[in-house]
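First chain written, first letter: the chains are A, B and C, and each begins at residue 1.
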Amino acid sequence: MDILRVEDVNKSFGGLRALNNVNFSVEEGTVHAIIGPNGAGKSTFLNCLIGRLIPDTGSVMFGDISLTGMKPYEINQVGVSRVFQTPEIFGDLTLMENIMIPALAKRDGEFQLHAFKNVASDAEICDKAMHMLEDVGLAEKRDSIAGSLSRGDKRRLELAMCLSQDPKLLLLDEPTAGMSRADTNNTIDLLKRIGDRGITKVVIEHDMHVVFSLAEKVSVLAQGAIIAEGKPEDIKGDPRVQEAYLGGAHL
Amino acid sequence: MLGLNKKDTSLFLLVLVLVVLAPFLLNPFPENSELAQFNAGYPDLMQRFLIFGIFAIGFNILFGLTGYLSFGHAAFLGVGSYAGVWMMKLLTMNVIPAIFMSVIFAGLFSLLVGYISLRRSGIYFSILTLAFAQMSFSLAYSVLTPITNGETGLQLALDDPRILGVSQENGAIPAANLFGLAMRESYELSLGGWLFTFNAGYYLCAVVMMIAFYVAVRIFRSPFGMMLRAVKSNQQRMNFTGLNSRPYTLAAFVISGMYAGLAGGLMVAMDPLAGAERMQWTASGEVVLMTILGGAGTLIGPVLGAGFIKYFENIFSKINDNVLYGWFSALPEGVADFLVFVIHPFIGKGWHLTLGIMFMLIVIFLPGGIMEGVERIGRLFKRKSSDKDSSARASAAPAE
Amino acid sequence: MDAILLQILNGLDKGSAYALIALGLTLIFGTLGVVNFAHGALFMIGAFCAVTLSRLLSLSFVTIDETQTDFLGNPLKVETPYVEAWFGPETGAAIIDWSVPLAILFSIPIMALVGLFMERGLIKYFYKRPHADQILVTFGLAIVLQEIIKYFFGANPIPTPAPDAFAGSLDFGAMIGMDPNVIIYPYWRIVYFLFAAGIIGAVFAFLQFTTFGMVVRAGMADRQTVGLLGINIDKRFTFMFALAAVVAGLAGVMYAPINSPNYHMGMDFLVLSFVVVVVGGMGSLPGAVLAGFLLGILESFASMAQVVALLPGINQIIIYLVAIVILLTRPRGLMGRKGVMES
């Protein structure tokens, strides 16, 4: 069954047509990669999914909920989380707090005036946060300030923040950009492990190594349109893709 | 204790002890000594410490936690004051309804202002709040004169109805009281050369301030407080995390507005009058200053900042050239003249100059305020004591 | 019709002052990215330049005139201003009379220096600090400057008259064929408006037609890129700060005859000027000027007796009200650009 169905989405910025009749669907429980050259509209596409941008036309369906026109926090509340290209974390807060906030958002909803509860004595949330930090290997740094982490650790933290919400759909925008090969492999392992939890993932990625290690299905976006779609090995050999994306060179 | 962790409990108890013993602590110099002018242990000033402390604690819940810099909080204090005086005019001289209604009215007004202003952030928010405050100030001076009594300020009168109390007592306006205990009532204790004053109004302020402080501590440690800090840290991430930041900031705004109203109500309880100048934007600037000076975002900082500013305002305003000559009487005349000449612009009416300079120095060198200073000094001492260990370790470590 | 014309004219001089201050604020904000709460103080210092010069010019020495006696029969002490002694009585008196316009020349170097010191000595260190810190430190500076002026000049307003030549009023109504004495307008206000228009025109021409101005405009649009091109932006920005200070100062000098300078006039104007900048659109120079005149005129309309009778107090709050409505409906102001002070 498709968990995400995007139909005929168009988005223009002034005269530039960033997305041109994009149709796209993701099957539940799979890892779906979107690849494409720079400026192909990958980030615009992702922004349309999470409510940062509103598509000019077309619909975005998540299960049987229409995401078009919903506010970012509402989209998150129905089960869509996103990891950003540059990590978006709460830089002034500790690692524990960074994870407790999304966990609270998941449990208590978009707004709760719990001005008299003690956050430190909320065992359920604390345990969950601790558990998540252990999962991504940041448990020892639980009381550090998130802004002081290395870039790789920030990414892992952001991933843990998203995972703490048990999302149905996880969107990852270049999760390994700027990482060393070793870190990239660690991240791939981590993402594979999450796969076991049955979270559907959409990954935007530059690194073919990552795409082919993770994805079950690949869509190729070029000049705002999906030009090819299929299993990774089929995509590799597709001449249209090589033309558009690789400039004719072979992988 | 009371749902606070160990550290917060000791902080709370410390503040409690300081506040209860303030009449002693703030009067360290004997009554007739040269230094008695540095005493701060008289009711009027001590009340101001606590009232502005409450104001700053509330402002800190907004500015310290969410980072939204409001330049219009004095308006809420003003609205609270007017509401308080009206309660005393219409209902009773008992301070409870006055204080209660101050909080309610300030809360309602801040709900309105916050609802509109919080649609914008950053400097736009600051200017919107400033615009609202200036508007209230202008209106209080002009059109709203029937309610505010314009430039004269709102005062009690002999023919006020006071339906739950009496209009007048023996031909005078009755005193503000708490179930019969007059706010201006004081007990004076003379010990040797020292004179200590224990004032009923001060202790009412103290009780209210401790409650206000306790609530602030609870808010800081609550999930709500954590969300407010999240707003300051990264509002974008917050929205993509499924949290609607608007109601959080609005709640913080209203809570801090209610604190301002509470401060206004207490001012009225201590001295039943209200004037529009309380709403002027310089008054809003003052609470910003107190919070920054003490340390925005810290629990105790704003209280310290408020006390600090009110104390020095009082002391500096009192010092004049004669006092200075008194101090420098031991020095040769020329030197004394010169020193007085140099110091003169900063004292007496020049207090605001000192305040402005102090404010700039704090923002430039110590953006975290007094609390950051304390922390830095603390770290310095720690480093000194651990210097030996680290140097030992450094020498043991092989060069890379 | 005549009433409307009168209100438009009345709004022009206040609008000119708003526009000049807002122009400087926007220059500083647009080029340096700094929110300057001390800008009103610069306006005030300008006004006090006029006061200072007029005092300097009337410095006098005392002579005893034996030929005249006062009512007690003692010889009369006569105070003669030095300028009258130096340039002869008539020229001297004229110089004193024209002290306000002369203060324009006097204030330019002073304001430029004040601006230079402010930028190099303080503002420079706040480019990378949060806007809240900039607001706070310039707020502190504004207090300091205002208190210094208060220390030297006292708290009372100091009347500073315009030259006698501009003392009267122009019967504007009679000029355009209406009944006499319907629209009368003080000459000095006309001068102020023309002066302001001249300054605004000069600033725009400078930014539009000089290479320097072009670089500054490019810097306003995208500071980083211009910096990458190897152009030393910082020096130019220092100059811009001084220029903004001069503009504010000149606005103050010429305003002195309209409103006797006092030490808190800067703060009074600052709050309104900020509102003007926000209404015009943060970072937009034409927006600042347009909003300045618009709000000045609007304020003067709101002060009409008929309007006040209908909506009491509206004259006091109209500007703030407009600001609130504009900010909520057009977040970027009338002519604001995208991406200024956002996120």
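What we mean here is this: a residue touches a chain if its C-beta (ideal position, glycine included) is under 8 Å from a C-beta of that chain, and two chains touch if they have at least 3 such contacts.
Everything numeric in this text was worked out from a predicted model, so none of it was measured.
Distance from per-chain Cα centroids to the pooled protein Cα centroid is smallest for B.
In terms of the distance between Cα centroids, chain C is separated most widely from A. Centre-to-centre separation of chain A and chain B, using mean CA positions: 46 Å. With centres set at the average Cα position, the gap from chain A to chain C is 53 Å. Distance between chain centres (mean CA atoms), chain B to chain C: 35 Å. Chain B has residues 236 in contact with two or more other chains.
Not a single residue position of chain C touches two or more of the other chains. Within the complex formed with chain A, the chain B residues making contact are 3, 5, 218-219, 221-227, 229-230, 232-234, 236-244, 247-248, 251, 255. Of all residues in chain B, those touching chain C in their complex are 67, 69, 116, 119-120, 122-124, 126-128, 130-132, 134-135, 138-139, 141-144, 236, 281-282, 285, 288, 292, 345, 350, 352-353, 355-357, 359-360, 363-364, 367.
Residues of chain A that touch chain B in their complex: 50, 71-73, 76-77, 81-82, 88-93, 97, 100-102, 104-106, 108-120, 122, 161, 165. By the touch rule above, chain C contacts chain B in their complex via residues 35, 122, 125, 129, 131-133, 135-137, 139-144, 147-148, 151, 267, 271, 274-275, 278, 282, 312-313, 316-317, 320-321, 323-324, 327-328, 331, 341-343.
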